[in-house]
Every structure is written in structure tokens, then in C-alpha cells.
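Mind looking over this structure? Questions follow.
Naming follows writing order (A, B and C), and every chain is counted from residue 1.
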Amino acid sequence: MQPRSSAVLSAAAVRALCGAAAGSIAGDVRPRLARLVRFASLALFTACSGPAPGPAAAPRPSAPPAPAAPDKLLPPSAFASIEPPAARSQALFAEASRVLLHARCVNCHPPDDSPRQGDAHAFHDPPAVRGPADRGVPAMQCGSCHQDQNLPYARVPGAPDWHLAPVEMAWLGRSSAQICAQLSDPRRNGQKTLAQIQHHLAHDALVGWGWGPGHGRSAPPGSQVELGALFQAWIDTGAVCPAGEEKRP
Amino acid sequence: MSERGDRRGRGASEETTGGAPPSEDRARFTITVSRRSFLAGLAGLGAAAAGLALGVRVPGAEAAGATGAAVFAPNPFIQIGTDGVVTIVCHRSEMGQGIRSSLHVLIADELGADPAKVQLVQGDGDPKYGDQNTDGSSSIRGQYEAMRTVGAAARMMLVTAAAKRLGAPEARLLAQGNAVHDPVTKRSVPFGELAVAAAKLKVPAKPVLRPRAELVHVGTPMPLVDAPGYVTGAAKFAADVQLPGMLTAVIARPPVVLGKVARLDEAKAKAVPGVVQVVQLPAPTAPVKFQPLGGVAVIARHTWAAIRGRAALEVAWDGGPNAAYDSAEFTRSLLATVRAPGEPVRRLGDAAAALARAAKVVEAEYVVPHLVHAPMEPPAAVARMDGGRCEIWACTQDPQTAQESVAEALGIDKSAVTVHVTFLGGGFGRKSKPDFIVEAALLARAAGAPVRVQWTREDDLRHSYYHTHSAQALAAGLDAGGNVIAWRHRLAYPSISSTFAPNANRPSRGEVNQGVVDVPLDVPNLSVETGEAKAHARVGWLRSVCNIQQAFAVQSFIDELAAATKRDPRDMLLQVLGKPRTLGPAELGVEAKMLGNYGAPLDKHPIDVARFHRVIEKVTAAAGWDAARKAGRAVGLAVHRSFLSYIGVVAQVSRGPRGEVRVDEAWIAADCGTIINADRVRSQLEGAFVFGQSLFTHGAITMKAGAVEQRNFRDYPLVRMPAAPRRIHVELIPSEGPPGGVGEPGVPPVAPAIANAAFALTGTRVRTLPLVPVRPVRPVS
Amino acid sequence: MKLDVNGQAREVEADPEMPLLWVLRDLLGLTGTKYGCGEALCGACTVHLDGNAVRSCVTPVRRAAGKKIVTIEGLSPRGDHPLQQAWAELGVPQCGFCQAGQIMSAAALLAASPKPTDEEIDRSLAGNLCRCGTYVRIRAAVRKAAGV
């Protein structure tokens, strides 16, 4: 089986690019472009680090990529050589879980009626409660205090339509496998398709707040764009959940 | 209770200020009731009216004497117009304790006026009112007789005038309901018609007080006079005072006491729209006393601009001598101190020998951290210069000290400083200190315009006068029968005196008189010793002061003794207190000059064990103590005497939904002697319970590198409604004895009662407060 | 910008990010709404925007544009809203500083839930601190005003 990442390139093209790739991995000052370049570079690098592609090359054993720095997310290409695709899919989700399990996310995905706050998941103070529409109760609505953006002096975080994820989408205290099962279940993900979930993760402003939490709060690794890309790649590889997923009833 | 011999009531015709010698609780009282002061008195009342004329709404100055001419003013407190309107001055600050719903009731009852019809005026800072330092739970207990005397003097003059008018003998005339009545002829003359004649009379030298039974409203629940203002937002607090052309200042203060500005770049601050001026304030010198802390003030057109301006200042601070203070390290040093002998302040028998031969020894150490008042209204003050005069509006507990401090800071005479007292959104002792008022005065002068200094919540938490940080070590020796034969109490904490005197480095006399040397202990061998502790923070007084940690330790420890001997804590407490008796210095084991008794003579306010027994009996009965314990409910008991009142508390706790200790219900029995407004007393005791619950559960101010770590309520939580008990029962024990304090005594027994209940629930002792340590949150930049 | 405050049209010149609290107090002279913490932790600054209780100390004034702003001064024309009456009858306030915010929160609760349970009262007023500790009386006054 041919290594997938180089399937679209001729062998000669890959060899030519490999030399270029080595230079461009060093980095670029413009962050967004840098990420794209890195993405492409790593894809090529992965291709380049393998044996010269050729017909009937033997499949390589799956090697998980080296973990990213704590504040970074690996791009989908880092997982390209993992075989079989199901295993690649699982690895992609595991990487995405580094965001999903982060405090900035799970604090608003509690399994009960209480939002959490802080990296130690303390109960929200003042004691906010979920309320009938996940947006609090009279005089203690999420929007009573949380604005549409962070504030310069007050430490109250903000993003449009601040609210809790429905209790079916509890993530706090759950494993990556359990979260995956929840995301994949239309009965527990708000009747969404995976594409819709990907769009939500990649574009929703409240989700995006996680990476700009303000006032010294820790942010999940990578960026919203990168999370979106990982999630898309997970979908593309069959949306396979990590082992240990709950059996669907 | 005989009123004779009370040194505070002085009559007319004395032109000098007479009164009690300065005493520990500073309840000096002076009356100047000569004719010469009549006009001065009017001027004082008129100031409030003048304030109205300027369009400045001053709280409590509701139409002060605005209608009928104020013709009868026998003293600075009472004024009656020809229209019959009775105006009474409240010269003490209203911070929620209800003095504005109490003081006039007492005066009106004595006078014969209807309290509901009294026009209430808030007095400015003025020595003619005597002591205005609203602190130490002393307004009623310190001035009860004096206030009755001013009412009695006015009443007697009105009766004399009425007697002439009616041709009836004075002795049978009755003053009540704003009129003088002749019960024989059924004729009455309203006060308004007597005012002119009464004003011509000489003020009686020795006003005669009514029999207590004739004070018909005193001791009953009376309305909250200021409720309408509070519930509509009309009541004016300091920050609500708005003057034409007024600017607002927000100040960046050194994070460490006695720190200084090392480097300042004000360019960005000045560029913030609305910022008018940046002014450096002078750095204080040690001892700090009431001096402002210094720093850099941003003066702006409105508060938001000032806040933004301050955030844009680039300041580097020189830490100064306290920059190494670490409160966590200090805890260790305090504990080390109390593990060694100290300086004895109370001694009976030979505690060391008795401990050595005891069948059983129980020991425990108690730690209470720094606390802060955190009134809902952060400090604020408005100052305006007018030529060489300074006019202030402030939420001050002590307007005369504010006058003195402002005068000193500005280099003018005290008589050139006017201090108007607004409503206080809570005080708890923080607002006795005029540092924030001096800031306003200095900045008004610097700006050439009226200035409001607005403290933010962060300022209030970071730059306060903190309740001291203490450690105490208790040891008791028990004989084979479980009797306490030895008691040793060692305590160490920086003294409040350190804020005022450079070398004060151990608990002071006043402080050990708050629940240590004055506690009845039926133990033949006892030793109480103080240890040294230097202050590195600005230490001040906070609602009930050192009673907080000392009652916490003593009442928790007695509960520990009960557990050690498998006895009912109530029985242990009764045993340790001993049989009903009163105690003087000899029985207590203290030198006579050491015993302060809150500035009150022991014969009038004895340390009375029968009264301890009574509140214990009442509160345990109300709580169903025996049945509760039998049924396995977790209840805890504590009793404490402070500010001359006796309070017993039972708290009942259970496990909350998250496993936390939940306070379900509380019972309080209070013997405060004579009380004025029963509903305000009740509310103070209810509120004191929650205050004590907050300090038990959450209260901790910590310092690192000399700076306070806490920023806002996230780091210094308070009890919120869901955590407050479902019911707080208050039983007021009726008394015709002299009044004791009300504002503070409810606090000290609360923390130990809850701690003792928590032990009953969990089997674990809470010896270090608070129950729930909160990690401080540090903002970025 | 134009603001609708207590039924009156008011015109203010303010940075859109300026908190509504300071617009109300410093620019419009409505001092019934209080500053207690500036961080939405104490509730003393509570006002209504289109009937919803918000903490004005963190609400940028731009968020209030086009909405009905009601402050404590505008809760009732004569200060006789059932909550205000109940507060006075039961002697709820001590220092009074937090009470405007408490009443505004309670009013929002009663508008949404006219017969609240004890738990609902606690949950809705959990954001309003009272340092004087009047909570037990506040609960009783809310129940009284609600007729429960």
C-alpha cells in the first residue's frame, strides 16, 4: 500500500520538495501563514522522512507522532502515517481531546447544574445554576454578568451568548472516549451532524473564547482553527472514537 | 437603677465642657448648655439646612427646621419650633446598627414627644455634641443617661411653661405626645405653643429623669426610620454626594505599608480622556496612625476615567520596611512564640505545678488570620475647599477625628473644617479611621475643585487596617474527677497600638480585656501570658476586635475539654464558669489596674456569672439542646461577654449537598441590659451571626512580600444567601439594667459555636480559621 | 447616545465601553444604583435591561442602547412596589447599601416567577451580597411581597 500522504505527488516531485521542506520548517514570522506552512511542511516532512515512495512499498508500522509542546496542537498531517485509518482517526480525536478536556471547555460542560471555574474546576462563585435553558435563572442569568467579550478591568470572562452546554453534553470528569461517544450521538449532541459539530467547534464565538480567556487564565493548546482542522480530519478518517467508548444502548 | 452618681449627666449653667474623664472606650460626653451655646447649637443645625439650600442633599437633613422658626433649643440635640415640630439631632453615625432609629426614641420618650413625628437631623462633627466616635458599641451604653438628661431638661422647661400658661401646679402635669397635659382639667397645650415661653427659661441644673416605666417606646420594636430612603435609592451615601464642578480621584497606593513611589510615568494616564490631573500624595511616616498611605492620585471628570487613568499609570514601588512580611511565615513565628512562656497578665495559684500533677492534660492551639471589614460601601469622601475652610462629606464613624486629621494635614485650624456625616454603607470599624478623608482634602486643595476620593473594592481589601493575626495556645489540667484544676492561655498577636506607637509589640491591656483577663474561670490555678509580636501590616479594629480570636479559642477549648471528659459541652461550660457570682480583679487573678471592663465601673457593669448562666439556659432551651443531641443533630454552643453584654449562641450544622458543613439554624440569647429599639437589636444579632459565619468559613487576608494577596470578593468570599441559615432565632432577655453594647457582642460567640457544631458533625476540630481556605487569585498585570 | 432610563429619554456622551453603572451615577446623577465591587461579584449595581437583571458595573453602556433601563429609582413611581413595602414593613435593611440591588434582583425574580420557592429565592439572590447579614429578612420580604 502506498503511503497516503504522497499519493498525489510524483516521486520526483516529493524528492524535490523534501529539500525545500527542510528549510521551511524553521518557521515564519506571520503566525497564520506560519501554521499553514508548517502544516504543509510537516506533511512533506512526514513524506520525506519515510523511505522513497515507490510502487509496492511495504506498509510501515504506525508510529504515533511526538507530542506537541503543551501550548500547541499537532496538525492532522502529523498523524498521516498512522495505519490503519481507524487508528489514525482515534489518534486525531485524542489530539483534539487536549482541547476538549481543557478547563476552559469542561468548566461549561458540567455533569450537573453548576458551572465551574478555574483550572481546578472549582464551583462557580457566585453560585450560578444552570436554569431551564442553560442560561441561568432570573437575576442570575449568565448574561446578567457575562458580556459579549472580556473586559479590561473586571475579570468576568465574556463571549456572545455565554451559557452552559446542555447537561447531555457533560464533559467534566469524562474521558476522551466518552466525550467522543457523546459528540457522535445525535440524541446527545443537539441533533447535529458531525459536519455541524465541526462547524460549531471551528467557528462558534463562545467556543473560540477558550483561546482568548483573558486575565491570566490558561488557554487550551493551539487555536480554534487548528481544532477545527483536527476535527475535520477525524471526520474524514471515519470519525472513529478512542477505545473504551460506551456501548450505545 | 439609680441615676445618681452618674458622672455623665451635667446640667445647665455650666459653661465649660464637663463630663467623664477620658476612658478606655472613649465615651467622653460633654454638654454645653449655656445660653451662649444656644446660638452655636442653632448654627450647627442650620448647616444641614444650608446644605439643602445649596442643592446638596445631605442624608437625614430632611427639612431640618425649614418650616417654623426654631425658637426652643435648650441643648444641641433638641429644637422645637412654634409649629410644634420637634427636631432631634442624631450625632452618631448610622452604619446599619440602627442608631438613627433608636437615639431619638430615647430622647423623645424622655421629652414626651411622639417618636414617629420627630424630624431627624444628622449632626455634623462638632464637639458640642460630645463624643461622636461611633465605635465600641458605645452609643447607647455610653450616652444613655446623658441623652435622657437632654430630653428631661427640655421636658421640664416645657412643663414649667405650661404650668404658667395653665395656672396649674407643675407636679401634676404630664408631657407626652408633643403636648403638656393637665389630667385634672383635661386641658393640653401643644409644644409648639410653649416653645417661645420655654426658650426664656433657665435650663435646669439637675434634670430629673422620668421613671423608667414612662419610657413607653424604649425597649419595644420601633420602625426603621430610614427604610424609605434605602428601598428607593434616595438615601445618600458618601459617593452619592455630587457637587458642581466635582472631580473624582482614584489612587494608586503602595502595595506595602510605608512603601513609596520609586518611579512614575504619568503620560499614559494623562492621555486617558477625562483625566484632569495626576497628583502624588505624601508618603506617611511611621507610626502610620491615620495618615493616608501615599501614592499617586488620578483626578478625572468621572469615576470611569479615573479608574482607567489609574490603570494607565506606570508606577514602580519602593517596598519599604515591611516588604518582607509573609503572613504564612508569621503564623509559624506566632505559634513558636505561644509555645514558650510569656509575660503574665493574669495569675491564680500555680498553673505550671497543677498541670504537672494533673491526671490528664488537654492542649490546643488556635490560629485566626488577618481579617478585613469589607463593608459593602468601599470608603469614599468628598472634600471642597472654600478659602481657608474645608468642607467634607464622608461615611465616617468619627467626624471629630476626621476634622482633626484634616486640619492637621492641611495645616489649618480644626474649627475651619466641617464634616458632614452621610449614611455609611457598613463600617465595622474601618470608617473610624479618617485616612480616606484626608486624601480627599489634600486632593481638593491640589485640584482647586471639589474632589471625591473613591476607593475601589480592590483598594478596600488591599489597603485597610486589618484585624490582627493571632495564635493562642491553651492547656488545661484535669483531675481524676474531670475537674479543671489548671488553665494556661498563651497568646500572641501584633497589637492595634502598633499603628499608633512605634514600639508596641505585644497585646495591649485593652486587647486582653476582650475575652482573656475578664472571663470567669472557676479554676484555682491559672496563668494567662502574652507574647511578643511585631506588626508589619496596618493593624486596626474590626467588629468586636480581639474578642473574635479570644472567644474563638476559649469557647472552642471548653468544648474540647467536654469531649475529653465525655461530658455535655453545656455542662462543661457551666462548670468552668463556676457558680453564679460577680468577679472582681482578685477573683479573676488580675491586678486592679489591669481590668478595663470596657471603660465601665464594675459596680455598674459587673462580670456576672449569673447572667452567663441565664443566656446559656435560654439559648440551649430555645435550641432544644438536649433533644437535639439525643437525636444526633450536630449542635455547638458558645457564650461570651463583650462590651458589657452577654450573648449565647447555638449553631446547628449538617452536611450540605457537596459534603460541606452547612449551617442550618442558629439560636441567640442576648442580655444587653436596657435596649432601645428591640427590632434593631434583633437585626444586629441576626446580622452578627452571618458576620461571624463569614469569618469562620471564609475570612482570610494573607500577605506576601508585604502586600495583601486578596483582590476582590472572589478572593475574600463572604457568606451568600444560599449559605445563610434558614432561621436565626433571637431571644432578647428583658432587663432594666444599664445598657450594654449591641453592635459587636453578637459576633464573638458565633465562630466557636459553629466550630463546636462542626466537631459534633465531623469529629474534626477547626482550630485554624477559616474553615475553607481560598487560594488568592492573582490578576495578570 | 440615547438611553431609555426609567421611562425617560436621556442623552449621554460616553465611551460605548463605559460601564452603565458610571453612566447612571456620574453622568445622569442616578445614585441609587451602587458601586460595591466592579466585578459582578456583589450585585449592588443591579438594574434591569428589558426586564432582565444585569450587573451594571460590567455592562458596557452600548449594550443598554435601545433597551429599557430601569433603576431602583424607577422601579415604582411612589416607592411602593410590593417589594419596597415588604422591605420596610419587615425592617429588612441595616446599612441599606446593598438593598437597592437586592430589590432589583428580587423584582426580576418575581416578574419571572411570581410565587417562588425558598430555593428559587436563594438561587436568584445568590449574586447579591449583604455584609450586614440581612439574608433571612430578605427572604421573608420576598415571600411576603409574593404572597407565599
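The rule we apply is simple: contacts are C-beta pairs under 8 Å (C-beta built on N, C-alpha and C of every residue); 3 or more make two chains touch, one makes a residue touch a chain.
Every value quoted in this text rests on a predicted model; they were computed, and no experiment measured them.
Most remote from subunit C, judged by the distance between CA-atom centroids, is A. This structure's chain pair with the greatest number of C-beta contacts is B-C.
With centres taken as mean Cα positions, subunit B sits 56 Å from subunit A. Averaged C-alpha coordinates put the centre of subunit A at 41 Å from the centre of subunit C.
Centre-to-centre separation between subunit B and subunit C, using Cα means, comes to 28 Å. Contact with two or more other chains is made by residues 125-127, 152-153, 155 of subunit A.
Residues of subunit C in contact with two or more other chains: 38-39, 41, 123, 125-128. In subunit B, the residues touching two or more other chains are 307, 712, 714, 720, 722. Interface residues of subunit A, counted against subunit C in their complex, comprise 125-129, 137-141, 143-145, 147-148, 151-156. Residues 307-308, 311, 658, 712, 714, 717, 720, 722, 777-780 of subunit B are the ones touching subunit A in the complex.
Looking at the complex, you find that subunit C touches subunit B at residues 15, 18-19, 22, 25-27, 29-39, 41-42, 44, 71-73, 75, 79, 83-84, 87-88, 91-100, 103, 118, 121-123, 125-139.
Taken in their complex, subunit B has these residues touching subunit C: 94-98, 221, 223-224, 226-237, 239-240, 242, 248, 273, 302-304, 307, 374-378, 423-428, 454, 456-458, 679-680, 683-684, 686-691, 693, 712-714, 718-722, 724-728. By the touch rule above, subunit A contacts subunit B in their complex via residues 123, 125-127, 152-153, 155, 215-216.
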